[in-house]
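Structures are listed in the sections that come next.
Here chain A shows up in two complexes: once beside chain B, once beside chain C.
Moving on to the complex of A and B:
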């Protein structure tokens, strides 16, 4: 019952909002209320999972081996909660700034529905269905909330590249079903241990590419900067903070739980790709001048960290991947939401976000980076530690170059603000920025809940994965 | 108007049969071929034929085309109700009614079961979205001509 609650809230509200004009205030406020309610429900659900262990309900009241399962464990719960909170903050800021398109509130709620559904499902195929729901909403948002210059370009690139990713994912699901004869995740994981190793590695690579595209990993990153730059900052926050979680969660779920032996086999390749992603993202970010451009490339780099943590593996590595993903989602949301706002409070909020990305305590980002180093030490991998250190140092460079190139430099008329976005922001926008900054700070001062849930998630992955 | 009187007459007299066929496809599913999706597509094709024969302006004046989004969302909402109502009465989401071993209610030869309600939702959703898409395309074509 509790597990179905967020879906039961978001679904009817999304339908009703589709009939309303989203540019007017009431539609936006209903969307915010629904997202707030869903976030609260997911918070309660996460507490319940943390105390009582995984929750599940089988659709249609069928017996578990026949019916489609809604199932949530610590991993799904923490990602669902983070995602819903990010969408809530971004939606609130979108409404405060004024939605550009009549479809923005309904598409955001549909995206929340899709993302919540995919984190809460125990079935590979319904994962795909929810995933497509979220992606289609995202394509719509790109078209509706795009900036005048690059709107159709951004929407087109985004849709084409990600449809290829979705298509690969669908092929992989088909192949997985062919190989194991079931779509139920736990059962798939059990049977996947016995399939032909060649088939399994092929499957694993296809899944990896599919999620790599979503996460924007090098070398599947080409779509990412033009999309993040072609939309309003609050939509970019939704993509970087919520939609990208599909990639991280998918890699943890399909790599960590379903195909763990293939993950181990490919660990070196994964760490190398992660490393290239980190260095490439950072160097590209250093070479950019505009804040949002730097952030877009920094997203590519940070996808690499998740991959390195996954490659290091083991309970510590998986915990690090979870903690880093959550911290990174919050950091990116904060930075995108405050990147174009000016004033005392917004400058402070942006600074907190920048320090958090750099990993300065007390911030959520510190624990993200710290758990990565812990994973590196635990795996006794000097290469990984050097990589993390170099990545961290480069992060410092590009984050503080933002001040040098963008914030502290007097600008000529219209320079570096092609899209005319920089404003002082309305009071409501500033409030949202401050609240997100506080969340990042509070998680830095009191990280125990996050760390405990991440530990639990890693333990459950280890336990469910067949060995 | 570029179509001949004959085309228009046949198109007009085909509308009602098309909708009847759609309805037949909708209710004869489950035991034999047919379901809400194909019924919705067939009904939308009926509307498309009218658009081709009479032009968008005439059809918009004669039929409530502007209600298409409402129809689509009503259909989606019916689908959602099938998911949610059992939860509200204490069952699992999407639970089937009647339960196993219980006789369904018959309307003639049509069984009144959860799946039929769900398919009516699918029918309305497909009909509404297809008509809206057809309308949007026809509108774009009209703009190009102008």
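Moving on to the complex of A and C:
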């Protein structure tokens, strides 16, 4: 029952909010309340999964073969919790700043519903349905909360590129069903070992491309900067902190659990692509001056780290992928939420985010980077270690470059602020920024829960994967 | 039957991609619709089995056609409709803001706007960087 609770709360609230005018305060407050409740429920669920192991419920009391199955293990729970928390923070800031569109609260809650469902489902096809729900809400948010000028263009590019990814994913699901004869994730993983190797490789590549598009990896990244730059910062925070998790989770679930042998086979290619992503993202970020553009390219670069961790593989690599994804989601949220706000508190919060991305203790990002290094050492891959070090150094350069550029000198009026976004922010906006910064710091000072859950998730993946 | 399906799906997917590469928003939308239908047909094709209709009461002993793919395709079709509607709404938005559906025109406008903005921007103070 506990598994279904967040979904059962979010669904009716999202529908009710669709009928309300989101620009008014009540709608925003209802959305925040629903998201806070879902986050709390997911926190309890997370604790339960950490203590009692995977939870499962079959809707309507049907027999498990027939009914719609919700299933959550440590991997799904940690991603769901992070995503819900990120959406809660972004929504709170959207309301504090004043929603630009009447659809913002409802679409955010729908996106939370889609993402929560996707992380909690035990069925491959339900995964697709929830995934589309989250994506369509994102297209709507881009159009509604976009900045003047390019908002529809950004939304259109976003929708077209991601739809191609979605249809590839749908085709891959059809093929997976054909090859295994079932849609239930555990059963699919069990039977995947017997798929004809050629078919399995084609399947793995299709899944990889589908999730690569969502994650914004190097060859599939073209849509990402224009979208992140074309929307309000709190919407960009939702995309970078919550929506991008689909890619990381999907790669871990479909690559790590269902097709691990193909993942191992393609490890070199995956590490190379990840490396190119890291270097490309960092170099592009260095060459930009507009904060949000730098952050967008930074997101491309950081997608590469997840890929490198996945390519290094083994329990340590998978743990690193989970820890890094969670830390990265929080960092990106913090940076986007504070990027356009000024004042000493916001400057400190932004600096904490920048230090966390660069991997300086005590911050959540330090443990993300540390676990990546651990994975590199464990795999005895000097190339990966060099890559991580170079990537980290470049991150340092671009983040402090924009910090210096934005906050250490007087700014001429209108300079690099085309959309008039830079303000001191309302007190509520600043409070949200400070709270997210505190979460990043607390996770850096007390990382045991996160590391333990990530270890559990990696062990679970290893256990479920066919051998 | 498999061959027929493969040819139809291939043609649909290929035409869809071709349309997506054209410089016109509505053609891009039409291309997405074709690709979406190619994906739906692929789902159908993934469960092509001969047998009686899967409606109770069943004739024991005779094989039953796979009902699951039809349920999946139905769901995917509905999602496809919704997505098409969203895309058309977005195209309308693009048309209203740019008064054109031609991608070349739109990118030209975008370049002009960027140049205009650059002219009004104050150059960054390189000395501080």
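Throughout what follows, the second predicted complex is superposed on the first by the 463 of 467 C-alpha atoms of A that agree within 3 Å, B and C clash if a C-alpha of one lies under 4 Å from a C-alpha of the other, contacts with A are read in each partner's own complex, and residues count from 1 in each chain.
In this text, a residue touches a chain if its C-beta (ideal position, glycine included) is under 8 Å from a C-beta of that chain, and two chains touch if they have at least 3 such contacts.
Just so it is clear, the model here is predicted, and its values are computed rather than measured.
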{"item": "Which superposed partner A:70 touches (first chain B, second chain C, both, neither)", "value": "first"}
{"item": "Touched partner set for A:421, first chain B, second chain C, both or neither", "value": "neither"}
{"item": "Partner chain(s) touched by A:15 [first = chain B, second = chain C, both, neither]", "value": "first"}
{"item": "Chain B versus chain C as contact partner of A:459, first or second or both or neither", "value": "neither"}
{"item": "Partner, of chain C and chain B, that touches more residues belonging to chain A", "value": "C"}
{"item": "Touching partner for A:4 - first (chain B), second (chain C), both, neither", "value": "first"}
{"item": "Chain B versus chain C as contact partner of A:139, first or second or both or neither", "value": "second"}
{"item": "Which superposed partner A:60 touches (first chain B, second chain C, both, neither)", "value": "first"}
{"item": "Touching residues (chain side chain A, partner chain C) in the complex", "value": "125, 128-129, 132, 136, 139-140, 143, 149-153, 155-156, 159-160, 163-164, 167, 170-171, 173-175, 177-178, 183, 289, 401, 404-405, 408-409, 412, 414-416, 418"}
{"item": "Chain A-touching residues of chain B, taken from the complex the two chains share", "value": "69-70, 73, 76-77, 80, 83-84, 86-87, 91-96"}
{"item": "Interfacial residue positions of chain A with respect to chain B in the complex", "value": "1, 4, 8, 11-12, 15-16, 18-19, 57-62, 67, 70"}
{"item": "Interface residues, chain C side, partner chain A - complex", "value": "20, 25, 28, 32, 35-36, 38-40, 42-43, 45-47, 68-69, 72, 75-76, 79, 82-83, 86-87, 89-91, 93-94, 96-98, 106, 110, 113, 117, 120-122, 124-125, 128-129"}
